[in-house]
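Pasting the structures here.
Two complexes come next, and they have one chain in common, subunit A, joined by subunit B in the first and subunit C in the second.
Then we have the complex of A and B:
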């Protein structure tokens, strides 16, 4: 019974934690600019994150090893250090964007200055992580993120043509006017893939499995949580693309501010709908802010072998504690400097894809090593899918920066 | 399983080190070997600490580690290694090996904040 409850809550938190500010921005814009054509990229990315989070959770449950220990062990200290610095930078950027997102959402409720809301958000996040045990952090923000389902309801109601939507899952490019438009399409494909497969998700998922004291007996639970939870979670991203098509494209609005995402729900359900939509956004952004912040601290602690984890208590993992506090403060200072959260998220997502191969490669090696994994070693399907996605993210990583430059940061 | 031969690169170097209580206390940043050409080579100590890892890194990472993480180096004699597994386990507590000084200093700082034992 207890296992069944854990499984149920695990799936729900995986659903509620799926969408963050990057996915939100790129999904809505992808729909508004390119119709349903990029749904196939969301599907591709969802299978990819399922494959690699399943591996990360399994390795954590069987070998007790989180991702950054593996990175250093298997790719060596030099490439490991490159990955660490890049991962820390990307985590701070993403965390900053999420904090900015929270402030912008709150600003819609009470018009006090943006920087004051950033300060309130910082204090809220610091207190939440300081006070709540790990399981409660996962559950409060994961379950709160389920309010995002309101977007799914509105999207399903508003779909013009289901056949057209379903056809979007077959890889295809729309008819566009110029090469630069195709370039922008490729940029969106890369960014959307990256936003679904963000590297911090594997860091957080594996470290979370160790926080929750998983053992090899939890391998089946891990599999169900990632397959069911992430598949259902990806429907939220699909819904956002669909709202981009049905609401934002006809109105010629480029959804560049996170709060604008609540517009379709407000149009459909009035003030109550708006409040639910904004609450969903708040939990999604706050959950992602905490995950990216803790991921940074996990990575640093695991690279240097410091005691880490919320389960140890703050004073028993002191450098880890200082690391996550510092990450929150740096991220808040960055976003309070006045940079646009959506610009920050665009850069963080494109740079994230560059570190994906260095994150996935060691994971694939260890999950496929029978000496470490015993009977839980990668099966044929995991191996094939793992290699396929490693090649895919490597090609994507090589294309990401040139596309960012050629499309002027996605501005076309 | 008792063995005489280890793959230093795969089984020792860059693996996490835990003390007698199972608490992480560093990474095997380097291994000290002894022996003469033509004679058997033996591992005599594990070298742990940011000072050691910085020596293995190129610029700017070596500078960043020395500046922001520290320069300490601790030598753990091979006889103090209890087990070699995914983690390297030591026989005694981190403190008695001279490891975790920075953690103890930071812990005093954290302990001043209410609720730090949580």
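Then we have the complex of A and C:
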């Protein structure tokens, strides 16, 4: 039973990565603008994040090494510091957007000003991470994130042509009117791949494995967790793309506020469905906020060799504790300044892709090193897939910023 | 370690080059800003999408499938975005001022309709409110397509 509950580490990591506020709007817009054509990118990214999180969990279980330890060890302090700074910036930006997302969702439930809800969200998150042991953070927010399944139900109900949906998993480009629209399509492909393979997912997952005190005996369950967790997250992203196609495209809506995502559920199941849909959004955004905040604190502590982990207690890991509290506070201040959460996270996702190759390469080297991994070293398939995705994310990293600029920040 | 360091250094440089290239590409249109209709088209597209979103919210409210708090907050969030998009329209180049004026007129009508929805009017079973907002979205869509043809 205890092992079965470990699944929630995968569920929380995946829901926090796949249906956070940025992926939510990217997925809905991808469907509304390009039909099912970008489903192949979600499928491609899902296999990629499964491959790299499996490696991160395996290295954590066998060598007891989280991702930022490996980055510092393999590329040195100065080059590793560049990755650290970029990763921290992305984590704070994403965390800020998720806090803004929580406030926007709560505003849909009770008419209190946005900034007041931001303050309440900050206090809620601080208390949740302070009070709950890591296992309970996994379980509460992983289980709550499962409420997002209501979107899957509505999407499945609304699909008009299953053959067309399934064809979307075969890579193809739609027929578009202009070069600028093809560039927008490429931008969405890059952004969706990045939002599925967000680097903080590997930082959080590997650190979570150490929080959960995994040993080499947990290598098989690690495989199950990543496959089940990320496949579920991927299905939710597919459901959002599908709702974009069936609900928003015919009405010429490119969703800009997160609450719009709940409308198809309200139209299908009425007010009760609406409340479940909003609760799902809340748990997904809160899970992502905790994931990004703790990832930032883990990265910092692991890079500088400080004691870290929720399992140690606050007094035994004081700098780690200060780091996650400071991350939440900085993120809340940033979002309370009035910046739009959706815009913030869209930029943060595109910038995330830039640090993907810098995160994955050291991981790939260690997972393939028999001196460190012994009999748990990368097999032929893991190794081949690892190199394939490293090349892919490197090309994507080089294209991300130029595409962002050429498409007017992804607006067309 | 050496292999990882070499590769990471290469990745840093390659990404830096791509960022610089992007900045150069971004700077070029600034030199020709006066003749670029893209910002007006994008603002019109935002307004068109917001009008269609508002129509969907209105339909959910009128069919009693959305709560009052949800409808009010959605309308308020949309109203903020409409105000932002309308101010972008105001920055259109002089040669597009006539088109911008048409967009502003529809944006003003849209803002009034969304503020009306924010006040939670009695649900209207006829669905006229949603139809009226969808009509504004169609009008903005027609202008958006015309602007796209001139680019």
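We take it that the second predicted complex is superposed on the first by the 394 of 412 C-alpha atoms of A that agree within 3 Å, B and C clash if a C-alpha of one lies under 4 Å from a C-alpha of the other, contacts with A are read in each partner's own complex, and residues count from 1 in each chain.
Note that contacts are C-beta pairs under 8 Å (C-beta built on N, C-alpha and C of every residue); 3 or more make two chains touch, one makes a residue touch a chain.
What you see is a predicted model; the values in this text were computed from it and never measured.
K.L.:
In the superposed model on subunit A, is it clash or fit for subunit B and subunit C?
P.N.:
Fit - subunit B and subunit C, as placed by superposing on subunit A, sit side by side.
K.L.:
Going by the contact rule set out at the top, does A:365 touch subunit B (first), subunit C (second), both, or neither?
P.N.:
Second partner only.
K.L.:
Given the touch rule stated above, what does A:76 touch, subunit B (first), subunit C (second), both, or neither?
P.N.:
Both partners, subunit B and subunit C.
K.L.:
Quick one: classify A:398 as touching subunit B (first), subunit C (second), both or neither.
P.N.:
Second partner only.
K.L.:
Give me the angle at the C-alpha centre of subunit A between the C-alpha centres of subunit B and subunit C, rounded to the nearest 10 degrees.
P.N.:
130
K.L.:
Just checking: does A:231 make contact with subunit B only, subunit C only, both, or neither of them? Give me first, second, both or neither.
P.N.:
neither
K.L.:
In the superposed arrangement, does A:263 touch subunit B (first), subunit C (second), both or neither?
P.N.:
A:263 sits against subunit C, while subunit B stays out of touch.
K.L.:
Looking at A:108 after the superposition, I want to know if it touches subunit B, subunit C, both of them or none. Which is it: first, second, both, neither?
P.N.:
second
K.L.:
Which partner, once the models are overlaid, touches more of subunit A's residues, subunit C or subunit B?
P.N.:
C
K.L.:
Minimum Cα separation, subunit B versus subunit C, post-superposition (Å)?
P.N.:
6
K.L.:
For subunit A, which residues belong to both interfaces, subunit B and subunit C?
P.N.:
73, 76, 82.
K.L.:
Which residues of subunit A touch subunit C in the complex?
P.N.:
Answer in residue numbers: 73-76, 79, 82-83, 104, 107-111, 177-178, 180, 251-257, 259-260, 262-263, 266-267, 270-271, 274-275, 278, 354, 357-358, 361-362, 365, 394, 397-402, 404-406, 408, 411-412.
K.L.:
Which subunit B residues qualify as touching subunit A in the complex?
P.N.:
My answer: residues 14-17, 23-27, 29, 48, 50, 53, 56-58, 61, 64-65, 69, 86-87, 100, 102-103, 106-107, 109-111, 113, 115-118.
K.L.:
So in the complex, which bits of subunit C are touching subunit A?
P.N.:
Per the touch definition, subunit C meets subunit A at residues 1, 3-5, 7-9, 11-12, 14-15, 18-19, 21-23, 25-26, 38-39, 41-42, 45-46, 48-50, 52-53, 55-57, 59-60, 63-67, 69-70, 72-74, 76-78, 81, 134, 137, 141, 148, 151.
K.L.:
Would you tell me which residues of subunit A are touching subunit B in their complex?
P.N.:
Those in contact with subunit B are residues 63-65, 69, 72-73, 76-78, 80-82, 85, 130-131, 133, 301-308, 313-316, 318-319, 321-322, 372.
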